[in-house]
Amino acid sequence: MRKRRTSLLALPFTIYALIFIAAPLLLIVVYSFCVSPQNGVTLTLEHYKKFFDFSNPVYLQVLWRSIYIAVISTAICLLLGYPMAYILSKLRPGLRQVLSVLFVLPMWMNFLLRTYSWMSLLEKTGLINSFLEAINLPAFNIMYTQWAIVLGNVYNFLPFMILPIYNVLIKIDQSVIEAAQDLGADSMKVFGRVILPLSLGGVASGISMTFMPAVTTFVISKLLGGGQNALIGDLIEKQFKTTGNWGFGSAMSVIIMVLILLAMNFTSSYEKDREEGGQLL
Amino acid sequence: MKKVLSLLLVFATLLTLALSGCTDASNKNKTLYVYNWGDYIAEGVTDKFTEETGIKVVYDTYEQNEDMYTKITAGGSSSYDVIFPSDYIIEKLIRENLLAEIDYKNVPNMSLIDAKYKNLAFDPDNKYSVPYMWGTVGIVYDTTRVSEEPTSWGVLWDEQYKGEILMWDSVRDSIGLTLKYLGYSMNDHSDAALAAAKAKLLEQKPLVLSYAGDQMKDMMIAGEAIIAVMYSGDAAFVMERNENLSYVIPDEGSNIWFDNMCILKSSKNKDLAEQFINFMCRTDIAATNRDYICYSTPQIEVYNALDEETKSDITQYPDDSIYARCEVYEDLGEYTQVYDDLWTQILAS
Amino acid sequence: MKFFKRLSYVYSVLIFLFLYAPIVVLIVYSFNSEKSRAKWGGLTLDWYRALFSNSEIMRALSTTVTIALLSSVIAVVIGTMAAVGIYNMRRRSKMAVMSLAYLPMLNADIVTGVSLLLIFSALGLRLGYFTLLLAHVTFNIPYVILSVMPKLKQLDPNLYEAAQDLGAPPATAFFRVVMPEISPGIVTGFLLAFTMSIDDFVISFFTTGSGVSTLSIMIYSMARRGIKPEINALSAIMFIVVLSLLLIINLRSANDAKRSDSRPVSAGARASSR
């Protein structure tokens, strides 16, 4: 009896969540099937047809570009982040505590400021090129290209790759590694057969934590990609902020939602007990 | 942990108190919501208005006419009183019955506005709008990198400036100049014209460095690009700061535009809004604004006080021959959607 | 082995350089007397002075801080109650409510932002401070629930009942017995919510209006037309504050020694993923 009554404590949240979590998502789905949702409900498939128009696949190209850039960014994050997490995890506990704080620190700075700062580094007349010029090296022009977006993604999301992997690595039981060594495994084998498989959960969290923001970003593509390389996030933002075509914007939001759910489904099979531990948090 | 947290809390609360203390001091009773273009008013002007009248001004900015239009219409839940739309948007807003008629008894400074800028086609009886600034669209270029003065929009399609061209991320301006280049009107409604413009803009895309907004000004000053499509006032602004830059209105003709002040029908503070508009037309304020944003003023006294050099500068005050080549944008009605789609597709591809 | 050590040392330094280069640039520019970032005009502290007299920045700062504080306090109250309630639910309803709580974390920010914009306009709410607050509470609650839940699971279920058997009314039993046990989770939840809120841009971007801007929103619109040097000064100050806070928290938790895992670190990691 008591239990039943205590469970009522969740009521305010449930009501709040129904209004501000469930209903809004439902609304997106409904709006995506409306001609112009602000002026009443007239059902249509027009927005999806427009998106999946194979005779004029501009929007599919944008989706493809977004996925492509996000995959490359995530891969680079993994390649750079895994070794870093590994190095960190091998340090003395005190030292690694301090160093891991230093890794988190840049992320506490405003994300827009850091991205903006890259603009002044990368511009034609920016700091990197002034430096290269001073030592007589050719200029390095990636500003307003896809590579600038990749760089922005890697910069902003690298810590999300490093930390989950690091969190898993430090929890690996030392005795497992020692056992493998006692059985005659060399260090390559220990890594390949023991450490790597045990850290896959962290890798999976890392991938989903970098891929999701990378595939939906519109800030990085706008500031570093210069509007030249529109991503799906840019298109959604434009529909809601500039052209006022909420139906089409909603349809693209639904598409991105489905895409992320599929991607999550793929990685979550590697993530064990996501409620526990520091992976999700 | 707990101590840190409570310290944090105390710190944050103190900060909040301190901050709210300093912002709320001037807020006596009334608040006016103003929605203007970014970088389109001199610093301190709204503070001065508050100082003189005690009316608090909540000031918001937008980057394009379309952003503003969407914000005030799509959500159905905005609270702005005064807006600064351009000609074709004024026409649209009047047609959709979203603007309030201005009571000119409360805007005596309207008499300081040159008659040339009143009763224009978009607001024939001048019931709804008070001129703020006007200007043209043209090309700013770096004279050290472009040897001859460009006479055509075609320079924006010149291969030798690949990766050095800046375009506005603005649907009417970008499509409009392309139409003009192809010999159409900037207000063309035909699918054929739009298809031609689309092909042309796609052809241009590999040459464009960035589809930008206001940051273009900084980029041109710093020498990040060679050619940019710009509004005349911005052009005057950057030319003042980088002497290598020059402005030209191509021979094919261009757009001439008028940004006016309007009051939304939904405004609950119409009298305050009129007071604000009147204030903005006052000679000292209009002069401060003109000096800061460098656009062409419709205010007689401000214009008369300008030095001869500025008055004869065709960047800011184009002569009749240029005037004759230019068109004002018209509201496209339903066809707006076609323009929007086209522009989205250009950016997307 | 020595080679490997040296290599890993060099590698770490390079990664650190990569992560810190833009921040160093911001801080250095905050002392540049030239307004444009294209030139270096000598050292100055003017921007720090100008910062505190810039009413636009100060208003945005105050909005950011008050929204973060209010939304995380509300989220802590609703979220803690919810966690306790959910914990005592039967299996099926538990699953249902928990997945509701997970939704905003599984969704991209842009989708959450847009969906909130839709509901606010459908409800006829005027976009502004209030809608901004509602939005922040919405994305903050799940983090509180997920921080409190594990603590409830560690709790001895008999404790609460025992207290009641000894005659304590439910509320007293809760505040005297359960609260102290789960308070570390609540604190973590609060800190998470607070940082999420401070750092959010995308959701705020879609849900605010009427001249109400947070720092992120202001910086976004400035980034598109030239950041004022005062903002560089602000970022330098923020950097120092965050650095000292993080160091203090971590030194303390290191001193606590009991827990050797790096909670605040992992908390921060997720917090900034928005």
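Here the chain labels run A, B and C in written order, and each chain numbers its own residues starting at 1.
Rule of thumb we're sticking to: a residue touches a chain if its C-beta (ideal position, glycine included) is under 8 Å from a C-beta of that chain, and two chains touch if they have at least 3 such contacts.
Just so it is clear, the structure is predicted and the values come from calculations on it, not from any experiment.
Applying the stated touch criterion, the connected components after chain B is left out amount to one piece. The interface with the largest number of contacting C-beta pairs joins chains A-C. One inter-chain figure worth recording: chain B and chain C are separated by 36 Å, centre to centre, where each centre is the mean of the chain's CA atoms.
Per-chain Cα centroids separate chain A from chain C by 17 Å.
Each of the following residues of chain C touches two or more other chains: 38, 117, 121, 223-224.
Each of the following residues of chain B touches two or more other chains: 71, 74, 76, 212, 222.
For chain A, the set of residues that touch two or more other chains comprises 38, 125, 240, 246.
By the touch criterion stated above, chain B contacts chain A in their complex at residues 64, 66-67, 69-71, 73-74, 76, 163, 169, 205, 208-212, 219, 222-224, 337, 340, 344-345, 347-349. Listed in rising order, the residues of chain B touching chain C in the complex are 1-2, 4-5, 8-9, 12-13, 15-16, 19-20, 22-23, 33, 38-39, 47, 58-61, 63, 71, 74-80, 212-215, 217-218, 221-222. Touching chain A in their complex are the following residues of chain C: 8, 11-12, 15-16, 18-23, 25-26, 29, 37-38, 78-79, 81-82, 84-86, 88-90, 93, 97, 100-101, 103-112, 114-119, 121-122, 134-135, 137-138, 141, 143, 145-147, 149-150, 161, 164, 170, 188, 192, 195, 199, 201-202, 206, 215-216, 219-220, 223-224, 227, 231, 235, 238-239, 242-243, 246-247, 250, 254, 260-274. On chain A, the positions that touch chain C within their shared complex are 2-14, 16-25, 27-28, 31, 38, 80, 83-84, 87-88, 90, 93-94, 97-121, 125, 127, 155, 157-160, 163-164, 167, 170-171, 209, 212-213, 215-216, 218-219, 222-223, 233, 236-237, 240, 246, 249-250, 253, 256-257, 260-261, 264, 275-276, 278, 280-281.
Taken together, the chain C residues at the contact with chain B in this complex read 36, 38, 55, 58-59, 61-62, 65-66, 68-69, 117, 120-121, 124-128, 183-184, 187, 190-191, 209-211, 221, 223-226, 245, 248-249, 252-253, 256.
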